[in-house]
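Heads up, there are several structures right after this.
Heads up, the next two complexes both have subunit A, just with different partners, subunit B and then subunit C.
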Partner chain A sequence: MNTQTFFDRVVEATPGGERLSRCLQCGSCGGSCPSGADMDHTPRGIFALLDGGFEEDVLSSNTPWYCVSCYACTTRCPQQIPITDIMYTLKQMAIHRGHYEHPHAAKFSEPFIGFVEQRGRSFEAGLATRYHLFHRPRDFFQPMQFFKMGMMGANMMRHNRLPLRPKTIRELDELQAILNEAKAIADQEVYA
Partner chain B sequence: MSENEKRVGVYVCHCGHNIAGTVDVEHVAEWAYNLPNVIISRDNKFMCASTGQEQIEEDVKEFNLTHVVVASCSPHMHEKTFRNAVERSGLNPYLFEMANIREHASWVHPDDQDGATSKAKALVSAAVHRVLHHEELTPMQVEIRPEVLIVGGGVAGIQAALEVAEAGHHVYLVEREPSIGGHMAQLDKTFPTLDCSACILTPKMFDAGSHPNITLLTYAEVEQVDGYVGNFTVRVRKKAKMVHEDLCTGCGTCWEKCPKKVIDTVFESGLGYRKAIYRPFPQAVPKYPVIDVETCIYYDTGKCRACEKFCPTDAIDFEMQDEIVNLEVGNIIVATGYDLFDPRRIPQYGYGRHENVFTSMEFERLVNAAGPSDGRVVLRDGETTPQSVAIIHCVGSRDKNYNGHCSAICCMYSLKFAHLVKERTEAEVYNFYIDMRTIAKGYEEFYDRVLEEGAHFIRGKVSEITDATHASEEEGKLVVVAEDTLIGKQRRVPVDMVILAVAMEPRADAEEVAHRFGIGCGDTGFFTERHPKLDPVATVTEGVYIAGACQGPKDIPDAVAQGSAAAARVLSVISQREVALEPVRATIDEEHCSGCRICNTMCPYHAIDFIEADSVSRVNPALCKGCGTCVAACPSQVISGAHFTFDQLIAEIDGIMVDVNIDEPLVAAEMV
Partner chain C sequence: MTKKTYAYYPGCSLQHGNHAYGVSTEAVARQLDIELVEIDDWNCCGATEYMSINRLPAYALIARNLARAANENGEHDLVVPCSACFLNLHKTDKQMKEFPEWSEKINRSLAAGNLQYEPGTIKVRHWLEAITTDFGSDNLKTRVKRPLYGLKLAPYYGCLVARPDSVFDSTEQPTVMDDMLAALGAEVTTDFSLKTFCCGGHMTQISEETALGMIHQIIHNAVQAGADAIVTLCPMCQLNLDVYQGYANNLFETDYEMPIMFFTQVIGLAMGLSPKELGVGQEFVSMQPAIKKIQDVPPPKPKSERRPKQALPMPVMPE
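Moving on to the complex of A and B:
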């Protein structure tokens, strides 16, 4: 039987999460967030919901899925709350619960992490192809959409941002050991 | 007194739930009967209450106790209380020992009741074993010099100086800058009444400068403090002003003729200029100028001397040297004030990058009628009146990345700024705040007034101030980005001018100054008072008091109140004429002293002299603080510290080592 509150579980699942209780509701996170305007609740709002025990509202919120891990909120938070890390915890919880509004976020994450596991780093060209082939095949038959993506791809290539061959890091096995350990931790009941 | 004749009473305090909530106090009191020479052992809800103290007095008489142990809080808190109780019962107050089972047991082990109880028993055992070796001691009475040193000539220091001087005692007021007045002299209006800061401060400055009982030592710093309450010797360095004050009339010809213009980063916060020979502001006290040798042309090139040429009274002296003054005083009040937070440390606020981001002190100078813009609210170009102004609260305050504390004054001065902008321009004003704190008399009413004047209040800590525009209405403006937390949306507010309400910080050299005066700095770096509620202006060093913002952020009324409070404390000490010094001092067994003089140099208080005639060292009991350095250093082991003798310390260690789980008399005790 689990007598912990939702708030407690989020705190426990996040390194440094105990600092969450000292949130002042000042809004530096919401103001600093590049995706703040698209979120249905700003991080500060999510923390207020967490404190109030609104589990469903939190897990069905799009907020964690719009987090781009820039860490601007975390570096500016006057109470030194690991905000970005809490967003990761919430994403994990939402996935385990099968309870999230934006399936594409998870579907995008899967091929991304697949490349990281195989090669130790992201491979954008492969990621874009794989994501669209498996999850959005119709994009290939929409001329405007296809053209726009092509233009962006060409632009990125011109700036050396889209290499066509994947690269692999040295000592990949060590990274894989770390990732396996992380997965083992993630599979613990704290996310269940 | 033989060992068997010693009769100890033990009192274990509950301190309400503070101790009894964790430590089984009844069991500790019961168990204490196992300790040597314990005649009576009791527990009590509050030993510090009069009933607790009276219990000691009654028991001493009824059971003929010779020694007393109280197990309760820190000696810092109540050692004096219980020594007085013991003294009232007819015993020497030093035949008493305190075991700290609150800070050292219940408070630090709240989750381990058994462990905390065992520790309390060990601490009680240590105290009982120790007290059996205590000796009668008599405090030394020393005379108190009536002169008072006040360090810092801000409003708190000035207030304290005037109170002491009015009472008829002499005050030395030491100020680092060329004039007294402090930060308050820079301000324009004061909240919430909006009276002019200079108008209310300058009369006090003038009084302090002309009072027959006050000696002003401006452009001076305290270098060393020796001695003890009643008899401090203080070395003050008077920096060379290069101007003879006895000749100077303050006519101003010198700074008019001085060709060297310097940006005034102190009084004008970098917005205005002064000359290399300067008086910080027109109402300065004393009215005499000083030469800043760092910027003076003569000290750089060997030429110029314009001021000297034009001085009608020949008051300029380029060869003047720093002067060392030794003062003899009985009490010291430290009122060294605060520093303002440097907002360059928060890069996203763009101070120093965006020219129209101002600090609060810069804005104070701007709105000051005697300031660089004659009181007009204008942008850094000195001409344009802003159409919109943002005031950012909590810059460097309430932020664990910089200062965790609330600076206490920013909400109110930000409201004052909002009012002044509204009064002098047509601009829209936006206050960005986390929480509004308007906690003193008339403050909430002032908030109300500013709300009625139409200032906007946006609840959200500002994330950044940027000139990167997203929309046409942002062109040429500074954009303040924040979440409006009350509507849960990001906002971008374009404004012409941003004012950063910067934090009050401890002085950069606060720690060094604290060390010089034998006082402490807390977590936040401000000086520590002896008790946060009941003794707010005293310090752990007898005879040294603190007042004003050096103790913590505070506004003018609070700083003035503390100045008066510190003066009252000093006056009460002076009126006692003499003070009792703790008899905890070192003594040297001169018969066995080899005269090696090691202790002479080790003593941090210069309390040990070498007596040439007898070839031995001798402790000056009035200077000795009982620190024990010499006791440890003496190679012949002939120095002993009263109340900290070898016997006492060894007995204390023996006591703490007893097995607290054994429930039988440790040494045959005479039971009642």
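Moving on to the complex of A and C:
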């Protein structure tokens, strides 16, 4: 069993994470956040919870999932805390623990990286199909949602913006070997 | 002028959903005598998605591109037109330099594919930076064949070029694209305050109303500033502001029709290239009304506002 506190684990898994202990609770991050209004805790609130060791509350919060990675908080933080990177760490930890309240975001990221791992390139048409088919199947039975989805796809194709043939890189073996090695190292050393 | 050569990382979206940006980038490079040498067998940068799942493979994925670029074109800077790809490549290089323990882990992963990357070998630069600093806005002015008189443009930088590392401009109020557009003869909005506000990124897929709110704010701000079109440098921003503009109109009961142009398309138009050569026609909100506004003669300068006669007299110093 790991004896490190939750706070220490977050710090360790984030490059530059040790600056988190300098947080002044000034709230510049929450004030700069374009999606802050929809979060259940602003980043400042999350850092207070982290400091208090409220692991469950932090990992089940929707805050990291509403982070749009715009780095507005990171550049404005007077203590140079890599806030966006900490949000990435919290997402990874929530996935790793298999508990998060806001599943859409993770379910969008997973098929996206699935294509990257299989082909070396992203593939929008396949991603949209897979995401809706497996993670939001209810959309197919709601006439309004289904119509909207179909219109979106048709319009994208009409403007020649949704190629249906995926591209694949030449040396896929090389890429997959690198990714597998990285995952093994991450399992042993980052999430140990 | 001698031909300038760069290593080139196009990124997935320039080949898929936004090849108008890819086409116009290559057309402008030809016009400016810039050679872009594509990295052989590059892979996806993982956007913001891979980082959310597992950090180390995400870095390894990006570092493979850096290692390949260093092996092939180590002496040239690496030019990236997509903001998200730019951020990922630049950030990985920077963090490898700053955190040797992460660099070591990344290189151990790369070794599984017989690659190595020494941080700092490659200089990663955004395509806008290469044009505005290396080529220069003044130099660009001499190449203009058809100045964009009568067109009022709102320069929109989005997030990832301005932040988190203000590589070539301010994080809050960047101005390089403003100067560049002015050099092309266009009028530039002075009060487009959301120029670095986020377009919502992948939020359109996750919480649509959050994203539409951001998209609405940006377009509303540009309309208020009197812009004929928004000029962007990121395929994600173009996609969100253009494709989701209709949805935002529905949600907020507005009827905005704001074309979203790539800065390369704007340069191309000023160089006298035809809209077709620049991939115009892929956008959802047509650019034609904006393109038609371009005049042959510069618009008359607005007269400076004199003090109205009925205003109170200014105090006069006693003699």
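By our rule, the second predicted complex is superposed on the first by the 147 of 192 C-alpha atoms of A that agree within 3 Å, B and C clash if a C-alpha of one lies under 4 Å from a C-alpha of the other, contacts with A are read in each partner's own complex, and residues count from 1 in each chain.
Keep this in mind: a contact is a pair of C-beta atoms (placed from the backbone, for glycine too) under 8 Å apart; a residue touches a chain by one contact, two chains touch by 3 or more.
Keep in mind the model is a prediction, meaning the values are calculated, not measured.
Once the two complexes are overlaid on the shared chain, A:Gln25 sits against subunit B while remaining clear of subunit C.
The partner that reaches more residues of subunit A, of the two candidates subunit B and subunit C, is C.
Looking at the shared chain after the overlay, A:Gly36 reaches subunit B, while subunit C stays out of its contact range.
Legend: residue contacts after superposition of the two complexes on their common chain; A:Gln80 is shown touching subunit B, with no touch to subunit C. Contacts of A:Ser60 after superposition on the shared chain: neither subunit B nor subunit C is touched. Looking at the shared chain after the overlay, A:Arg44 reaches subunit B, while subunit C stays out of its contact range. Comparing the two complexes, residues 72 of subunit A contact subunit B in one case and subunit C in the other.
Across the complex, subunit A meets subunit B through its residues 24-33, 36-37, 41-42, 44-45, 72, 76, 78-80.
Taken together, the subunit C residues at the contact with subunit A in this complex read 12-13, 15-19, 41-44, 46-57, 59-61, 64, 95, 98-99, 102, 105-106, 108-115, 159-160, 163-164, 166, 171, 197-198, 200-203, 205-207, 210, 214, 243, 281-284. Residue ranges on subunit A touching subunit C, taken from their complex, read 13, 15-16, 34-35, 38, 65-66, 68-72, 74-75, 84, 88-89, 91-92, 95, 102, 104-106, 108-110, 112-113, 116, 120-124, 131, 152, 155-156, 159-163, 167, 169-171, 174-175, 177-183, 185-186, 189-190.
Touching subunit A in their complex are the following residues of subunit B: 348, 394, 398-401, 434-435, 459-464, 481-485, 488-491.
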